[in-house]
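Per-chain residue numbering starts at 1, and chain names A, B, C, D, E and F are given in the order in which the chains are listed.
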């Protein structure tokens, strides 16, 4: 169970939001919505321990995540706008690097590429990918090494219908597997049974 | 009238598409659709003279654009994934630079920021913008200096409902003004009376 | 028979296939004669002793180092301006050969320098500019290597080759412009060669041998590059189908 | 031209290139006495060489970002699409580069020359050769920067490509100063240097523009 | 550790840092004789200084990209999220940096020493000091690189921050070689240098990790 | 024999003259060898690829 209690967020010495509560149980998905600049990305970065909360606390099964950030980090994936795909490496190498760092099995790399329909691009340098292919390569990381909590910042950007379907399938499998998902988006993700957290600009 | 006759595209010594025809009359909009990697971005880059056609020709009112690329460039705007917004400059400075280079009036800068709802961010360095605000700043260029042909590559990425509405309004005004629009997208742009060009992977 | 007569790659391959063995054989023969003359027939110099024999490999190598670059630059110009389809290949194929000869000029020069000047290396203008030429060759080859797209690489490399061509006159005239330890030109000069005929002839034979060797090797490398280009095209066609 | 002011503005804002070259120049030159030892005679002997080599390196380092930053964020694309001729844009960027790197070096050189005990005869020659030579550095460097834009080993290749082309500038620059220091006639060296720069003015922007066009494809 | 192999792999692939430092080192040292003139005596006199200054500059230049590239494309974020302690990641990156810059410099130094007519006594001292000193360059530099990550004038600030910290390394390194060349006892200098490096090993990764955490906020 | 020894001694400069000629031979031979092998290999690969394609084309028919 991942929970937020009375969270507030400051960016550039300005209060972006405050008094925010949420909770995600295993198998659940929370979708963040709200206009541009309302703090969705900021909230995700807090959940990833990349940003400090200005007030309130984030807990995992009751324990404050700020107490042992390393442990919390090991159980999450954060897919951001900057997608950490190195243009000099091929698609496979890109995915392999991250799964090696996370110490997960190499066998999953092929599964991951297949899950996002980029198996045929395995040996293409990322430099030569189209925008959607690039994004798929970034998302494939989710499958290549397991993590309980997925934090997704506008994950469907640049994806075509097929790519979006791949992502939906991945999220469904993940949830069936007791995973949790927290996603920020402006367009319909096409997931069923999700909770929506509407952020309001202050 | 902007036309393409029997266009073919090579990327990385591979044929991406061929035998493509299209035409855009003043006031018209053409929407490019197709799966990831089918060549939408490539086609837009050809229309912007940034990429050479492998076969066929692009004409403007009957004249081949390859003959005088400078003239063609002066009449178009291309908004790409890489949005050419400098993080060290403020929003206003970013827009002003481009309108100065294009030699258009300073007065339009404020209109442009207002049109995309970022007037209140005029003096914020682009570094501190959220993803959607960043994109709005890139799009504001369209209004800040006039150009007949707008080439938009997934323009609604990161935009919220309000931002998308701003863009729709801008496109409507542009078309009413005899402007032309060519946009690649995966999601509905919400424009009426558009032609759709479906690209197929080879 | 215009420039474009040999533009046809198949015709080129056929012709090259015919010339290459002859050129190879002739190069081997001339080299053998040259080595015989240089090592056995030519008398030791009264000043330089037997080290003078190094001249017969050093000087032709140095000439070839410059010649290859001129060839490379001209081929690049032809590729850029007239878009002759084989010019790219000729330029690309000549770079490793030129680098090889430049390397030889440096090494044989060093081997000559130690007994003559008492140092393997001195930082004079001629020597340094040859070293720079070597770097230029390396840069040229590295540029080819690091751009995936063959056509783009060809153009980029051609631009570099042309810009780098300014180094050739600098090498040629460096001995006249700066006072250095190195010999000024005694063969290739305006007022005719100033060298004894007993030395001149073996030198010229050696130079000719190097030239013919260059031609044979160039043809072989061009055929290889042509094949590689075809292989790439086939592979790409295969992958996309 | 608007492009020049834009680049200057950005340079001032980001600081990056402007001061980097200057700071690098100053630091390199100050490190030398530390490395070599303080004897005035030796310092004076090596001064022209050290100053010119440091200037070369400083100029080369700032080249890396000449087009790269604009390329990565899409600005270079937008610039080519602005309707201005590409050669002109490239020249504008070269001028901005010189104003932000060459000019500061030129201004800093006299101070450093004093620190290195250079004699007064060499002074005028140093300034003159730097004034004539530094534009050539920006011009020639632009070609290398443009050629290596999309290249994987960008940085290395850039140095490998550019430094050989810089060497004539170095040699003429240093020989002119040496001649002046020893009371000889520096004019031929200066003239050769000037010829080099003059030849580079029309050629380099053209070649660099061709290379930029290639990498945008 | 996986991070080291990743960085090495990337370095080989992109070439960037690896060869850049080496090529820069080689070219700088080659430029000097051109600038200073060919007299062997003078070259030998300035050789230790030139080699160390060139090594310092080469190391400093490659620092710029130590965290920057990973920061910009989001990889640094992902690395901190990988569950490994940040200090360890930073240390891994420092080791990779040394392997790709310090080590090549170390290997190239003897060849250059010959070209610069350095005498054989200085040789062993040169190698020893570079072996001990170059890790300190990577370690100290990492702090600077981390501190300047989000800073606008990154490059300049980096040089300004790092070079003063590098000066002790330079001074001890050169004095050790000079002592050896003149047949004096180089040991105290070498020991001081070693002390410096040993002190840097625990301190620098910790400081750099703190700085990285700051800039990710 | 005397003559031979003298010949090989090269007036005391054997250490310079012979390596110079040797390196020339080695480099020229190596360049030739590499180019020739590269060319042969490329011929083989090309032939194999072409055969492959012809086969596939006839399969398709």
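FYI, contacts are C-beta pairs under 8 Å (C-beta built on N, C-alpha and C of every residue); 3 or more make two chains touch, one makes a residue touch a chain.
What you see is a predicted model, and the numbers here were worked out from it, not measured in a lab.
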Request  = Between B-C and C-D, name the chain pair that shares the greater number of C-beta pairs in contact.
outcome  = C-D
Remark   = For the copies subunit A and subunit B, the interface residues, called same if over half of the numbers are used by both and different if under half, are same
Ask   = How many Å are there between the centre of subunit C and the centre of subunit F, using C-alpha atoms for each centre?
value = 17
Note = Per the C-alpha centroid definition, the whole-Å distance linking subunit D and subunit F comes out as 43
Key: Interchain centroid distance [CA atoms averaged], subunit B/subunit F, Å   = 55
Ask   = How far is the middle of subunit E from the middle of subunit F, if each middle is the mean of its Cα atoms, in Å?
value = 40
Request  = Would you give the residues of subunit B that are in contact with at least 2 other chains, written as numbers and ranges?
outcome  = 12, 81, 88
Ask   = Considering subunit D alone, which of its residues make contact with at least two other chains?
value = 13-14, 150, 152-153, 157, 160, 163, 167, 171, 217
Remark   = Residues of subunit F that touch two or more other chains sit at none
Note = Residue positions on subunit D within touch of subunit B in the complex are 2-3, 5-6, 9-10, 13-14, 72-75, 77-85, 216-217
Inquiry  = Applying the document's contact rule, which stretches of subunit A touch subunit E when the two form their complex?
reply    = 48-52, 70-71, 73-78, 80-86, 88-89, 93, 97-98, 100-103
Task = Could you pull out which subunit B residues touch subunit C in their complex?
result = 12-15, 202
Inquiry  = Quick check on the complex: what are the subunit E residues that touch subunit D?
reply    = 13-20, 23-24, 27-28, 31-32, 34-37, 42, 45-46, 48-50, 52-53, 56-57, 61, 152-156, 159-160, 163, 167, 170-171, 174, 178
Query = What residues of subunit E sit close enough to touch subunit C in their complex?
reply = 15, 30, 33-34, 37-38, 40, 43, 114-115, 117
